[in-house]
Amino acid sequence: MANVVEMKNITKVFPGVVANNNVNFALEKGEIHVLLGENGAGKTTLMNQLYGLYEPTSGEIYINGKLTKIKDPNVAISMGIGMVHQHFMLVEPFTVAENIVLGSEPSRSGGLKLDMDKAIKDVEEISAKYGLKVDPNVKVQDISVGMQQRVEILKALYRGADILILDEPTAVLTPQEIDELGKILRNLTGQGKSIILITHKLKEVMAMSDRVTVIRRGEKIETLKNENTNTDELAEIMVGRKVNLVVEKDDKVAGDVVMSVKDLQAVDNRGIPALKGVSFDVRAGEIFAVAGVDGNGQSELVEVITGLRKSTGGSITLLGKDITNRPTSDVIDAGVSHIPEDRHKRGLVLQHSLAENSVLGSHKKAPFSKSGVLDYPKIHEFCLGLIDEFDVRTPNEKVAAKSLSGGNQQKLIVARELSRNPELLIASQPTRGVDVGAIEFIHKRLVAERDKNKAVLLVSLELDEVMALADRIAVVYDGQIVGVVNGKDATEKELGIMMAGGSQKKQ
Amino acid sequence: MKKKINYLLENVKYPLLAIALAFLIGSIFVILTDNSPIVAYSALLDGSLGNIPKFGETLLKTTPLIMTGLAVAFAFRSGLFNIGGEGQYLVGAISTVTAAWVLQDLPGFILIPIILLAGAFGGAIWGGVPGFLKAKLGVHEVIVSIMLNYIALFLTNFLVRVTLNPSTLQGTEQKAYSVMIPEHARLLKFNEFMPVFGYSSLHVGILIAIACAVGIWFLLFKTTIGYEIRSVGHNPYASEYGGISISKNIILSMMISGGLAGLGGAMTIAGLTFKVDQSSGLPGYGFTGIAVALVGKNHPLGVLASALLFGIMSNGSRKMQFEGIPKEVVGIIQGIIIIFIAGEAMLKFMTTRKKKEEKGEVA
Amino acid sequence: MLVIFIAIIASALRLATPLIFAALGSVFTERSGVVNIALEGIMIMGAFFAILAMEFVSNPWIAVLVAMIVGAITALLLGFLAINLKANQVVAGTAINILAGSLTAFLLEMVWHRSGQTDTVANALTKNPETLAFLEKIPVLGSLFSGLTPFVYLAIIFSGVSYYVMYKTPFGLRIRAVGEHPRAADTVGVNVYRVRHICVLISGALAGLAGASLSLGTVNMFREGMVSGKGFIAIAAAIFGKWHPLGAFAACLFFGLTEAIQIQAASLGLGWIPSEFLQMLPYIATVLALAGLVGRAVAPAASGEPYEKGHR
Amino acid sequence: SKPAAEPATEPAAEPAAEATTEDATAEEAPAEDTAKVDMVMGMITDTGGLGDQSFNDSGWMGLERLEAEYGIERKVLESESADDYGPNLTSFAEAEVDIVYGVGFLFNESMAAAAAQFPNQKFAIIDSVVEADNVASITFAENEGSFLVGVIAGMTTETNKVGFIGGMKFPLIEKFEYGFKAGVKAANPDAEVISNYADSFEDAAKGKEIATVQHQQGADVIFHAAGGVGIGLIQAAEEQGFWAIGVDQDQSHISPERVLCSMIKRVDEGVYQVGQSVIDGNFEGGVHLFSIANEGVGYSDNAGNLTEEQVAAAEKWKAAIATGAFVVPQTEAEFNAFEVPEI
């Protein structure tokens, strides 16, 4: 088979970091090729060079056999390369159609008039052609993540991409959406497209791809054919050691109710009801999971509990104390810790040092402050302790949080939240976008909390995670709980049906 | 310790380079006026630092700039742009006069702190309004503070012309300025206890201003209030998540910011002018404060240095005018300095490239 | 009453005109993600160079063009600092404001050998253009048109054109994308730096025009202090109008109207109000309008943030 | 170079019609003929600065004459803000110049303080009175000059409406306003005066707007005491075809066809005379009032727009005021009580 892309001896140096070291990579026509590697291994960097966002420090790139200097995305686009970025590159207040045509707008009167009608028609056409369903007229800020993903793919296809790069496209998708994406991708290769996929999920790697290239610490380790490998081997190559992919967890009888949620109601940012009467209890010594497709009220549920959003009805009781609509600081004081779903938006003040971040939420308490004055020596000492205990990879505790990789940022957040020794730990997408090593670690800590007889509320879009960790699983659909099942008995199929709003299981 | 010195050097290296370059370019303008740059700049230095009284006058000019610079810097730290220093300064001034008139029977040691606090309080209210509207209604603080600048100006003019006019309060003829604050409400002058300050009108306000800078530094970087304000400035969502009230901190920070500017106005009244004039324009300290803050990198201690720089230029320009050099030249130099400091990246680029070239030569 | 009403409208339009140009300029830069606090300074430059140009040319329109070019060049400095050097945009703008005030005063001194003001120039643009003289014959409304200057018509036209550019052209889509999410624009091949530079240049030209409309369009001369805060009011108007060209236009008109009412206060029977309170009227009305009606103004998301390629 | 060498304004703002003999000699006297007086005289402007077309410029012209005639050296400090007044005064005093002028009544309190601090320094203040032996207070009867142009306005108006534009509502500016109103009343009891304040001495555009509005309200003669704001008035007069009356100096050069006449306030003369007394060694503190009686205020018509009849009337009132036949009002209260005397 012909190589549509060949990257030869690519080295990319950022100040102080060698992100890619002499990497060789080839993409064959019509294949789906996975790039696999831990956080910070250099996958995104490699692809950004292919797409012209960064220039390689050294090395050569051949497209369809021809040496090409890709100095900016325009060159990449003209070479038929399209990229769907790890963090979506969508302009939120724009409509779907506007986002798709941006940069290659159809126009009339010699470019003086934007032809929106044509744009909408074009979008409808390609959307039908590739089976990617979107509504061209709605604003991106109002659509689900799954649809945003499709918009991103359409953006690339609209520009005539034959080579598609997808950077962690599944991190935010539901199982069904992931399946669907798999089908879409196969459909695309069927139409002659070639695809590079970046993901951390080994199961997907096996299900979706033809070949896998593993990168570790900026260096290419191996390229394998799918049929010749398995998840355990991949994990080992990736991390450089054996990884235990199964969560070890003993049976345990749950204790008293820690948090009781009754008939909770709330609206979303647009004022549309997002929670329509949700009730459940979380007990000491159990992991209670809320599963469901993204956008069914999970985010709002967590926000209401933690005081970040006002409820419009119902009540929340924590250890017998009413905390409904209390300010966040009261909720924290009542013994709730919270690993937020979006670590950059909520979890960290990226410009602050790790030390300052390590006391966010407890900064007003002893021993970190006394009569309003912060005790920095104590804070630094405390942070160093967390870094040590949770193996946060960082030069020291004084660097800004933004200089850490996503996985390490997540570890710091987990460390901070657990260090408060909470009665209730709310963990929202705790392993989103982190590598297997870190996943293993975070999962162990969640189970340890449960084993310490604390209550854990886990909100996750990943069924694997939910099924591996949860003692009980509540499935939400359209702002309501459609059913609660025992973690041990749950099957992926059954949960999948409920997540789609399907029939309720035995009550 | 050495690290600290290095850090300091790293931070002052480029501003100093910027100043040097600006003076170099400024000399073109001096030459255009048929004057010698050497004469001009020695006049600038002599006029501002030539002897102790002159230095005193420089510090006098520096005092309000420290306050408005701190005001802007502080608000910036919480993610807010306080362009309303002008109005807050004015309201601070008029509040001081009002308080001094109403409470004139109090003894000085009580009256002086009270009138200064009144000024700070007035400024805090004036800064708090945009803070409140931003926090509660999401109204952009920039537009409200610009509007409040003018409202403060006209309100002050009205109060001076009618309510606080000596003709109203003391039965004299109508004046274009307010009543004077009583002798015992005035700040101590340096020359009253340190005769070396000679004719200089420098008053103890400069010490208060320095104390404010140190206090604000402490508040910002050593206390929970500062921690919260900086957090809100960098990431309001994360702050909210950490149990920090965004609206409380926006209001608080605008009030502190306004209070600083207001105290600046108060000290000018209590230490120098003792009255407020009817005026057709804004006093200018609020706007200069923006430049002061930004040149000082929004750091309270940086503000001290940058206010001094502005004070030197402003006071030194007197002597330059004596030498027949238009005061505009100083304005031009000020602008260029700020441009170079803003374009620090350019200077860094220029100097690092030079280093590389040097290395290349060695190799 | 009708006469007063028409007089107030004419007055409002005239007073609003310089603000409109500058506010449109602010809309362009803010929409592309650059805060242009230098409008004030650029207006001063425009006002001055329009008059200076009249020393050399006799056609006032060429002088207007010169003002726009000088405005654009001044803005180029801002663009260079803010976009290429990633300088703090407010600092850069403040520097330009300080520089512009001093530089024009300095040049005034060098050219006219005095301070304060230039000579007056002949054939300025302070009257209703002759080609539109027929408008003055319209009954009742005629008196409205007789008081308008060519700049007033230009301001109205430019508002419409700006709206069209911003919302109906591919370039406008790119401007708004660059201001909201520059990286997204970058990844689809939109040159973020170029779009921002163009917008900054446009805002400079418009602010230069605003300055010319003050000097050439009202008093045929340049005076120090003639801009006196109008650049800042224009920024406020752009925010008030939620960074929409027509919104900004309406906001400027609102400012003009309140000021016109204040001048006409006596004939409206408001003469008993102390003049200072009448002076405050436009500003108080704005704050109330913002608090009561307009409320939250969400700035373009990337406004004020330098964009760096190859960073996240 | 700037002020030190060049005249601050073109000599366009020519001396008043009733030019004094000194004026003539001032222009002729060649500097080298005169024995150079080794003196330095300093002037501090208010925040309006040089180029204000008003008292700052006028005061500077007074020093210019001293420079031309006696070869003294003149220096200027322009105040950036109101709190510069005190420090500017002290820095001149510290430099031991021979006299320091503070231009503007806002110098009042700071000059009193400086005069006490530097008892051996000679000071002079324009438009205000500071009671100290070392301060010459140069004041003007603006109401009297304004009265005369009021008379002319009252005779000129055909609509029986005239306008007044003030800079800011200062007592000083009100002296212009009520003097003017009294003059209008004296010449034309039926005429109404529309009065507006611009709250600025700079905003020419606003001046034009106010003038336009006053003209639309019927005013066909408008007087201003508003510095640069008045430039807008004169522009409006020229475009819309009504009369403007200038202030402080003869402003007919701006629009010879449309500036009817100007009210003259000879700050230059005040500065000159006090400076001369310093040179002659007979400087005296106290009030130096410049009024119609000593030609310190008046009116001028360099463009020749006044009719003989108007000039005759103005001269009649001028004589009456000079002899003290009646007192021209300078405040609202005095104006309200003002009865037009029989002359």
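Which chain is which? They are A, B, C and D, in the order written, and residues in each are numbered from 1.
In this text, a contact is a pair of C-beta atoms (placed from the backbone, for glycine too) under 8 Å apart; a residue touches a chain by one contact, two chains touch by 3 or more.
Because the structure is a prediction, the values reported are computed rather than measured.
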| item | value |
| --- | --- |
| Greatest separation from chain D - chain, by CA centre | A |
| Distance from chain D to chain C - Cα centre to Cα centre, in angstrom | 35 |
| Chain A and chain B: spacing of chain centres that average the CA atoms, whole Å | 46 |
| Between chain D and chain A, distance of the C-alpha-averaged centres to the nearest whole Å | 76 |
| Shared interface positions of chain B, touching two or more other chains | 33, 154, 157, 161, 281, 326 |
| Shared-contact residues (touching 2 or more other chains) in chain D | 2-3, 169, 199-200, 202 |
| Interface hub residues of chain A, defined as touching at least two other chains | none |
| Complete list of chain pairs which touch one another | A-B, A-C, B-C, B-D, C-D |
| Chain B partner contacts - residues on chain D that touch it in the complex | 1-5, 47, 75-78, 80-83, 85-88, 90-91, 93-95, 105-106, 108-110, 117-118, 167-172, 174, 199-202, 331 |
| Residue ranges of chain C in contact with chain B within the complex | 77, 80-81, 85-88, 90-92, 94-103, 105-106, 109-110, 115, 225, 228-229, 232-233, 235-236, 239-240, 274, 276-277, 279-280, 282-284, 286-287, 290-291, 294-299 |
| Touching residues on chain B, where the partner in the complex is chain A | 222-225, 227-228, 230-231, 234-235, 237-245 |
| Complex contacts: residues of chain B adjacent to chain C | 29, 32-33, 81, 83, 129, 133, 137-140, 142-144, 146-148, 150-151, 154-155, 157-158, 161-162, 281-282, 287, 290-291, 294-295, 326, 328-332, 334-336, 338-339, 341-346 |
| Residues of chain C touching chain D in the complex | 3, 7, 11, 14-15, 18, 109, 113-117, 120, 126-127, 147, 214, 218-221, 223-226, 228, 260, 263-264, 266-267, 275-276, 279 |
